[in-house]
Amino acid sequence: MIVVMKQEATETDVKQMVKRIESLGLKAHVIVGTERTVIAAVGDDRKTHKESLESGPGVAEVLPILAPYKVASLELKREPTTVRAGKFVCGNGTIGVIAGPCSVETEEQILATAKAVKAAGATALRGGAFKPRTSPYSFQGLKEDGLKMLATAREATGLAVVTEVVATEDVALVARYADVLQVGARNMQNYRLLEAVGATDRPVLLKRGPSATIEELLLAAEYILNAGNPNVMLCERGIRTFETHTRFTLPLATVVYLHAKTHLPVVVDPSHGTGHTYLVGQMAAASVAAGADGLILEVHPDPASALSDGYQSMNFKQFEETMTLCRRVAEAVGKKM
Amino acid sequence: MIVVMKQEATETDVKQMVKRIESLGLKAHVIVGTERTVIAAVGDDRKTHKESLESGPGVAEVLPILAPYKVASLELKREPTTVRAGKFVCGNGTIGVIAGPCSVETEEQILATAKAVKAAGATALRGGAFKPRTSPYSFQGLKEDGLKMLATAREATGLAVVTEVVATEDVALVARYADVLQVGARNMQNYRLLEAVGATDRPVLLKRGPSATIEELLLAAEYILNAGNPNVMLCERGIRTFETHTRFTLPLATVVYLHAKTHLPVVVDPSHGTGHTYLVGQMAAASVAAGADGLILEVHPDPASALSDGYQSMNFKQFEETMTLCRRVAEAVGKKM
Amino acid sequence: MIVVMKQEATETDVKQMVKRIESLGLKAHVIVGTERTVIAAVGDDRKTHKESLESGPGVAEVLPILAPYKVASLELKREPTTVRAGKFVCGNGTIGVIAGPCSVETEEQILATAKAVKAAGATALRGGAFKPRTSPYSFQGLKEDGLKMLATAREATGLAVVTEVVATEDVALVARYADVLQVGARNMQNYRLLEAVGATDRPVLLKRGPSATIEELLLAAEYILNAGNPNVMLCERGIRTFETHTRFTLPLATVVYLHAKTHLPVVVDPSHGTGHTYLVGQMAAASVAAGADGLILEVHPDPASALSDGYQSMNFKQFEETMTLCRRVAEAVGKKM
Amino acid sequence: MIVVMKQEATETDVKQMVKRIESLGLKAHVIVGTERTVIAAVGDDRKTHKESLESGPGVAEVLPILAPYKVASLELKREPTTVRAGKFVCGNGTIGVIAGPCSVETEEQILATAKAVKAAGATALRGGAFKPRTSPYSFQGLKEDGLKMLATAREATGLAVVTEVVATEDVALVARYADVLQVGARNMQNYRLLEAVGATDRPVLLKRGPSATIEELLLAAEYILNAGNPNVMLCERGIRTFETHTRFTLPLATVVYLHAKTHLPVVVDPSHGTGHTYLVGQMAAASVAAGADGLILEVHPDPASALSDGYQSMNFKQFEETMTLCRRVAEAVGKKM
């Protein structure tokens, strides 16, 4: 950590700061500049409260040097992590495709979708049984009935089942039916839930919150990893910006950046990331070109009658075309899908 | 709801949309423009999925007319809600001041703080016992021990206790000690938690998520109100923007806007909203001038040694000066504090 | 335009609004809803001040139906515009690549770069002679000397010259040397400058401002088109968001969205859009996959010694690799480059 | 400047960086940490390209220590600057109020407004004669005719005239009529314009761009100061964020923050900052409580018929009430108005 002192900081301020740094088990190097003094605090500062230095007298700013996450870091584990769940493989040259409706609505709907997305090349089925909805008056999901329908669809197709869990008290239930547990964007910093899914043996798809920094995303992953579960996929699903022509802004540089920081695979969700069906296909292709290890896509037999997210869901034909396009791009960048 | 059709929409598209609108129990008015057709869907559209219209063929855009929240709405209840907890009063001309440390650390710390903030005019004591922390390696709070210390401080001072609850499984425990339950920004859309605090008889302080829209905030409040708890205070604590010179951006127009939309009282948190002690006092005064019904402020006996948030906490003297300033401004705008 | 009246609006308010709408040459349709009245104003509302309706008594909101831009609109001209400047072709299946240093520094630098980028497949050379710099103390460009060096490089390689113009008084001078005039992000709403470049016969590369909406971008293009210059390329170069791990956030959905709204070709600038050399190559590939009609890339013989933007510039080898990658992706999406 | 090296940086990388730092006239201090090496570059680094270090081999990050602006800095000049133009005084305990219509429309309109705002306590009159408008089809202002009307209103009332200048070629003309030159938000980084107003003897009101950082704002001021004009007022007028319930987000902490960084007075524009008349009055009061040295407010005899910005303009009565409220708050915080 680098502690920048204010121009008007006194010698006593500097001495106090040195003492405090040393009391944290770090070494202090004082550098007297022409206009200011800076103090370098050297050592493993991950457990140090940056804040506890910031509040010291005469301090202008504290600049951290080390990233605060550890187990997720590429500095700890150099080789990329590959996440597997049955035939679903995500990472290290293979692009895992998760497709299906926003919500499980009926057995027919989920079965038809499972068959269609499998035929087009998906290896996992998504579908919400527990739905976190902005309004208390919106459809909240079929709950355990929905989970059973997902399991039926798995039996029929061999696809891995990916579904969201919204509360610690549901983790055991959902884990009984699901192959991959999804933690939604709204729950990215629900730490109890992160610890609970971290205690299962199911891979986790962790979605980035719409205003989470990458550091916060990696620290959320760290909660899961720290609880003993090494199989975490990070999912970029769009951030909240001033833009209104898309539902969220999908920042694909996240994919490239994460690959430079972490060994965990990165999945992109262009359905939520754009919020409009006609934008999804090309943004899926762009995600693959940017290096995504996986895609998660909303597909519905009849989007116009979907109970949720119809405006961003593809029908079977659109999904098939998207898969064809993405497969060509995957090949161009040296991956298989 | 207003459905705007695309320029190239066919007559069949329009007819289908009319049918769909009618199937939702709404009345359709078709207006054929020079360049486009728009269809007005008239009726109570709160339970209608805006989305289920958006995905129709030939639709360019769907523009909602009614706000999706209801119980929170000023259109339902004209007179402002006043929230009370012991001597703490918030709303309708009285500014409730909640002050205390970010985390409860020791009994001495919380007792000393309680006495100091009471002397300066606060009517409630804040203090975190369950701390949601970005990093799994940070101090996570004293849990039940912290709650007990808060109760001790209440007995000593008569201040109402405001403390955060982070999980449904803790609600009963926290409600046993606390006078007001705080739902933190990270949990604003943790709907299970909202329902759980909605089922208690404790007033709730609901913090706005850093990227939540006002509509999302009011819908989160609606979850609590809908569960039977009418005592909700909304808290503006800063949003995430491109600005980096403050920890968050504190948009005080929220206060004025909310007063035009809802009867619920509005509290402002300038400590988190700015993230730097030297900015807090004047922003507290500005919050009062903007019409805030309450303030929540971080105060610590020795901010420089705080286990969390020291850089944005005031010491006792700074708090006292802030109270003096705010009281003068409150008087200027015709309120008491 | 749809005028939504407040719940408490009186009949007189409605009548006044109808009158006002008619006085603007539009037709008014009144729809009395169960909770509110809305009035549809039908006709060409592009020249109407949305604002002049919003300020009427009893008005809750005014929702525009038509986009405010016209000449740029796909509704006016269905076939995509292709912009050409010598061998540089941008649009309609051909990806134009503009490459070169941030600033022209010396004749050797620009010549060497021109030759290298041409060999790798670029068709245009970029290089700043007039540099708008955030600080008055930064290098401001070589001005006319820089323009001459660019012209020399064009003679040597046949590449089209793309360079920025920052002030109306420089337009004639820059147009004498340049094949394409660039309007930078900071000047996107410098309307005099837009009119001035609109009055030349040079194609214009118009960069999106970092907080400009797409509508504002298209209206800025409209200024140029309206002044008589049909050859406008729109350039996405990243927007300002809360993200700090990249210099800007590069929202590639812009490309797909713009193709659905306008006939003008869309260029992407992944150098500014990411701000770090190691992110540029894959984001260039992603841009191509998203459907970009052109790329603009910063290339420098020795980025580490560049006078500006070295941290986001590629060296010749990196550029060559990027071109190889992008060409493969272009082929995968059915384009040539 | 602090140069943080990558974990994998070699000794050669470090040596090269030291050499480069020294070649820039700075002193290098190497600190070998347990996980990384950091190098402190000590000296006046304002003219150093942070970038030219960032692009060096093995560099992870470069952290600047000194702010890049100088003349604007409080470190250079401790006592606050007071800007005066006739009876208009802004700074050091006196709040200058600038009020008037968005656009000058007719002589009657501007005269009536000038008289009304003067009666209510304003000391300067605003009014746009050259209007930068988002759409080429919107009203563009009365130009010199408008300036003449402003001058007439000054003669009649003694108010100082504040009006926008949008192009270097208009500076002389506008300066002939205006007492204060306004540089609008869209032109905050139009450096030629900044230099041109910097060469006049007129005070300048410099508006913050909607996505400008504070550092960029202060560097824009630095262009004016550096050109020889010491009378610059900084104006916060709202930033672009994800919020849509207000036109912009008005971050009042800017006022407090700027007072800690610069001696220049800070003006707030709650009309643009909120975009809705009913929000303006209380946000003006909040601005005063936050410490604003001035206010700029849109006032129109009949906002409903204004040619621009009617939805955010106050009528005379609303302005008078706002002034009464603000005056009380000013007194509460120890200022006069």
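Letters A, B, C and D mark the chains as written, and numbering starts fresh at 1 in each.
Simple rule for what comes next: contacts are C-beta pairs under 8 Å (C-beta built on N, C-alpha and C of every residue); 3 or more make two chains touch, one makes a residue touch a chain.
All figures in this text were calculated on a predicted structure; none of them were measured in a lab.
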When B-C and A-B are ranked by contacting C-beta pairs, first place goes to A-B
Determine, using the mean of C-alpha atoms as each chain's centre, which chain is farthest from chain C.
-> B
Note: chain C sits from chain A at a C-alpha centroid distance in Å of 31
Distance between chain centroids, defined by C-alpha means - chain B, chain C (Å) | 38
Distance from the CA centroid of chain A to that of chain B, rounded to the nearest Å?
-> 26
Would you mind listing the residues of chain A that make contact with two or more other chains?
-> 211, 240-242, 244
Chain B residues touching chain A in their complex are 46-47, 49, 51-52, 54-57, 68-69, 132-139, 166-169, 186-187, 189-192, 209-211, 216, 219, 222-223, 226, 240, 277, 303-311, 313
Complex contacts: residues of chain C adjacent to chain A | 211, 213-214, 239, 241-246, 249-253, 255-257, 260, 273-274, 278-279, 282-283, 285-291, 325, 328-329, 331-333
Which positions of chain A touch chain D when the two form their complex?
-> 2, 4, 7, 29, 31-36, 38, 40, 42-44, 63, 65-66, 75, 240-242, 244
